[in-house]
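For reference, the structure I am asking about is given below.
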Amino acid sequence: MAERILNLYATYLYSPAYWYLDDAERKCLRMEIADGLREIAKTTHVYSVFPSRSDTDFLLWSAWDADDPTQAAIAMKNYAKTMSTWRKFVQPVQTLWGFTKPSMYSKGKSEQDIDPFEGVRSKYFVIYPFSKTKEWYLMSLDARQGMMNEHIKLGKQFFDIKQLLIYSFGLQDQEFVVAYETEDLVKFSDLVMQLRNTEGRRYTLLDTPLITGIHQTAEEFVG
Amino acid sequence: MAERILNLYATYLYSPAYWYLDDAERKCLRMEIADGLREIAKTTHVYSVFPSRSDTDFLLWSAWDADDPTQAAIAMKNYAKTMSTWRKFVQPVQTLWGFTKPSMYSKGKSEQDIDPFEGVRSKYFVIYPFSKTKEWYLMSLDARQGMMNEHIKLGKQFFDIKQLLIYSFGLQDQEFVVAYETEDLVKFSDLVMQLRNTEGRRYTLLDTPLITGIHQTAEEFVG
Amino acid sequence: MAERILNLYATYLYSPAYWYLDDAERKCLRMEIADGLREIAKTTHVYSVFPSRSDTDFLLWSAWDADDPTQAAIAMKNYAKTMSTWRKFVQPVQTLWGFTKPSMYSKGKSEQDIDPFEGVRSKYFVIYPFSKTKEWYLMSLDARQGMMNEHIKLGKQFFDIKQLLIYSFGLQDQEFVVAYETEDLVKFSDLVMQLRNTEGRRYTLLDTPLITGIHQTAEEFVG
Amino acid sequence: MAERILNLYATYLYSPAYWYLDDAERKCLRMEIADGLREIAKTTHVYSVFPSRSDTDFLLWSAWDADDPTQAAIAMKNYAKTMSTWRKFVQPVQTLWGFTKPSMYSKGKSEQDIDPFEGVRSKYFVIYPFSKTKEWYLMSLDARQGMMNEHIKLGKQFFDIKQLLIYSFGLQDQEFVVAYETEDLVKFSDLVMQLRNTEGRRYTLLDTPLITGIHQTAEEFVG
Amino acid sequence: MAERILNLYATYLYSPAYWYLDDAERKCLRMEIADGLREIAKTTHVYSVFPSRSDTDFLLWSAWDADDPTQAAIAMKNYAKTMSTWRKFVQPVQTLWGFTKPSMYSKGKSEQDIDPFEGVRSKYFVIYPFSKTKEWYLMSLDARQGMMNEHIKLGKQFFDIKQLLIYSFGLQDQEFVVAYETEDLVKFSDLVMQLRNTEGRRYTLLDTPLITGIHQTAEEFVG
């Protein structure tokens, strides 16, 4: 696996032109999109979003190897070109992206790390942009490590919830994008609620807008 | 009744395409929607919103049993599919959702708890997203319980106002969605005004946008 | 006069479809609206807004008796139904509403109180949503009364500026909607400027967006 | 010259309908607008804005004598009526307005005061809404005068930059609208940068959105 | 080279009308735009943006000599006129602009300074508006110089990342626009992350929205 993986989470809303198509035409279009997704990236996973959010019908999670600095440019241009086939019917709402990077707070691989290129996905997928306050970065590394330890311990108790952290510093407005996979939204909701009681929460500046998606196979997407 | 109930409050605006229909066509469409709502969830209640809000014509409150973690996915996908029939004429404005959960501050059932599956509904329905400040979660449980007691006592004096609290941590941007049913908006307004004088108010971070709806039977919705 | 009066301030923008009509068709539509306003509420006053605001062409101020808790529901549903006749040409921008209520800070009626049902209106009408800070409500009633006295004294010096305060707690995002009638905008502007120097100003959380309208008779609205 | 002058700065974006016209039709429309501007106010100056702002194609600065309190109503209604001729092609983006008033901090007329009715205008025109913090108004008049003196001295060093201050308290969301005329944008930019170092800057609450326009004669506007 | 260079960064979204064209027509339009860009400014560079941002398809970076104060007016008017040819298909999203100016914190030219008129460009281009807090400008020049030295030292360690700072005080809402060129987004992201640990970060008020573009030759833009 590459050291650096480019991950792109892009949400889409069907445009009015889509809703003017009849059922058969809509299905035909979704079939074309499902076919095209194979070319759009090394891997692309599909999630339905509405009614979880009112501004989004579906979410595409695409990933590419990106050890070579030119790969991001090639990946992005190719993505834009492929997507242009359907832009009349499908409007981008939000894109969140960044690169994986070894954590400075926890060494080594964990069973709870998400592998974007794995074939089997969990039912639910939750992502949000994430930034820490200015004060966080001006604290001692020891203090920060202590607070991260509290955070990591709690996360380990929810061992069937998996996580992917990507770095967006200088690439988008947020510092990170956090992604979670889970088979049980209520359990995940409990984890997030318990994290409110940890000291590190004081240093969260931004963790919205949150996007919750439901995994769809290509067949389910076509409907 | 299920331990966990998924509640979804979704607001809609009629699109320009709707206003280009004539009266008979609009009525026909509303009739189709009223029929379709039976399939959209275990139960769906309809509320008119405009002119209470300028961006919303009506509100649908849907609820499902959700003890099994796969039920939310099935419910959401089915909802999206059914609603897609009318999306040309009806645009989603906002969706607020989450799961019920036993309160940590008050034990047992209360007469003022709302049962989503009950057939008879109050005339007025008020909902808003709700979040507490970071400081709230880092206070002692005793301090929090004390402030909640003050809040609960005041609520009990308004015994004919009923309440439903759902948990949205990690599912949407807010922590909770609060819903109230009342037969008297002025009385409800007085309750909210009196809650301004309680200590716990300091720890409210978010309680907007507020949505006020007026209950409609299927017949009233069709008009 | 009823103890409780429901007041609704609704602003509208002509839609692109309106601007595609020719002059005679537009006038005909405005004539229909002017006629329809008689049915929309117990009383409805019309104000032109553009160019005072760029997002609004006109403002409708409607009022109903509302001592009976069911009246608000009937009023709102009837308003929505009547307005639906013109929604193709007229888009709601903002609605602000609430109920009158005896003030806790000043007893009795004042010459400067606005009566919504009076036939003759002032030339200028200014409204805005209004909320106080959390700190305000947690201060002693004596401290609050003192600051309100300073505010009221200043208002009395501008004896020809009239005022209507409605309560929106729990009905919309703001706590109040404040409305003023005046024959002289410059004088009103001076009053608002002088109120900046009063102690109570510290506790103003929200007083925007402000809407300034110019009174129109039905004939002037039709043009 | 009148004691009180009503100034209205209104920005417009060409609508999609305009871009569907061919070149000759567009020119013809701009010719009609240029002609109509003579009737819209006592004086109206035209400024091109795009690409200075992405949401605005041009800015109209209109001014009227307004010593008589009824003049504002007549001016606004007449403006709206004339502008309605072109609203299909031209959408209002933002309007900023208010009345002139003798300054409480500097006595008498200055060479740097802008006269709206003067025929010859500078090349560049910069405006923004402006509000001071609550703290400003609760300070002693002496402290405020001292800080204003520092501000005024700096402004006088840039003697070829002219200024117009209008009062919007109670008329729009901001307290003032500030306008500058200059022949040299870089020099003006230096003035604004140097004002950052003055004590009074602490009490600026709002000075955005800023609009920069380039003066156009009627002929240049028609193109 | 001129002392003052006017730089304009403008982002565009293809309008629905563009997506209604077929492939050949879209290519033809992009060819026209590519041709027209030669006339729009002294130099114009093209960058693809989507999917890096969801609201933008491409970015144009234009630059002009601007030592003479009238040049900005001529440049802007000419830009608007040329761009008007394509506005039916291409909507402006955001424009960021300002003038170069010798730095008060670092003397002389650096190898890391960007020359807008150079023919060869780096693969990636990152820009954002930038403002400092009020407190920054009220600190001693020594304190500010010290913090800038820490910032500059870190930047020099990333010697292959180039920078262009333009001044927007009084021209737009932000104080500066910062632009970076890099061949490696991950390295740039690391630089931005490390800058979080510097003392000067406390005084950053605004550094969003950030725009990341990928350089395109005219041929690549036409596709």
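Each chain carries a letter (A, B, C, D and E) given by its place in the written order, and its residues are counted from 1.
Just so it is clear, contacts are C-beta pairs under 8 Å (C-beta built on N, C-alpha and C of every residue); 3 or more make two chains touch, one makes a residue touch a chain.
No experiment lies behind these values; they were computed from the predicted model shown.
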item	value
Any chain in contact with chain C as well as chain E	D
When chain B is superposed on chain D by its C-alpha atoms, the rotation angle in degrees, nearest 5	145
Where chain A and chain E are represented by their mean Cα positions, the distance between them in whole Å	28
Approximate Å spacing (C-alpha centroids) for the pair chain A, chain D	45
Residue numbers of chain E (touch at least two other chains)	none
Cyclic chain order when read starting with chain C and heading to chain D	C, D, E, A, B
In the complex with chain A, residue positions of chain E that touch it	14, 16, 19-20, 48, 50-55, 57, 123-124, 126, 180, 183-193, 196-197, 199, 201-202, 204, 208-210, 212, 214, 220, 223
Chain B contact footprint on chain C (complex, rising order)	4, 8, 10-11, 15, 17, 66, 69-70, 72-73, 76-77, 79-81, 83, 87-88, 92-95, 97-99, 101, 134, 137-138, 167-173, 175
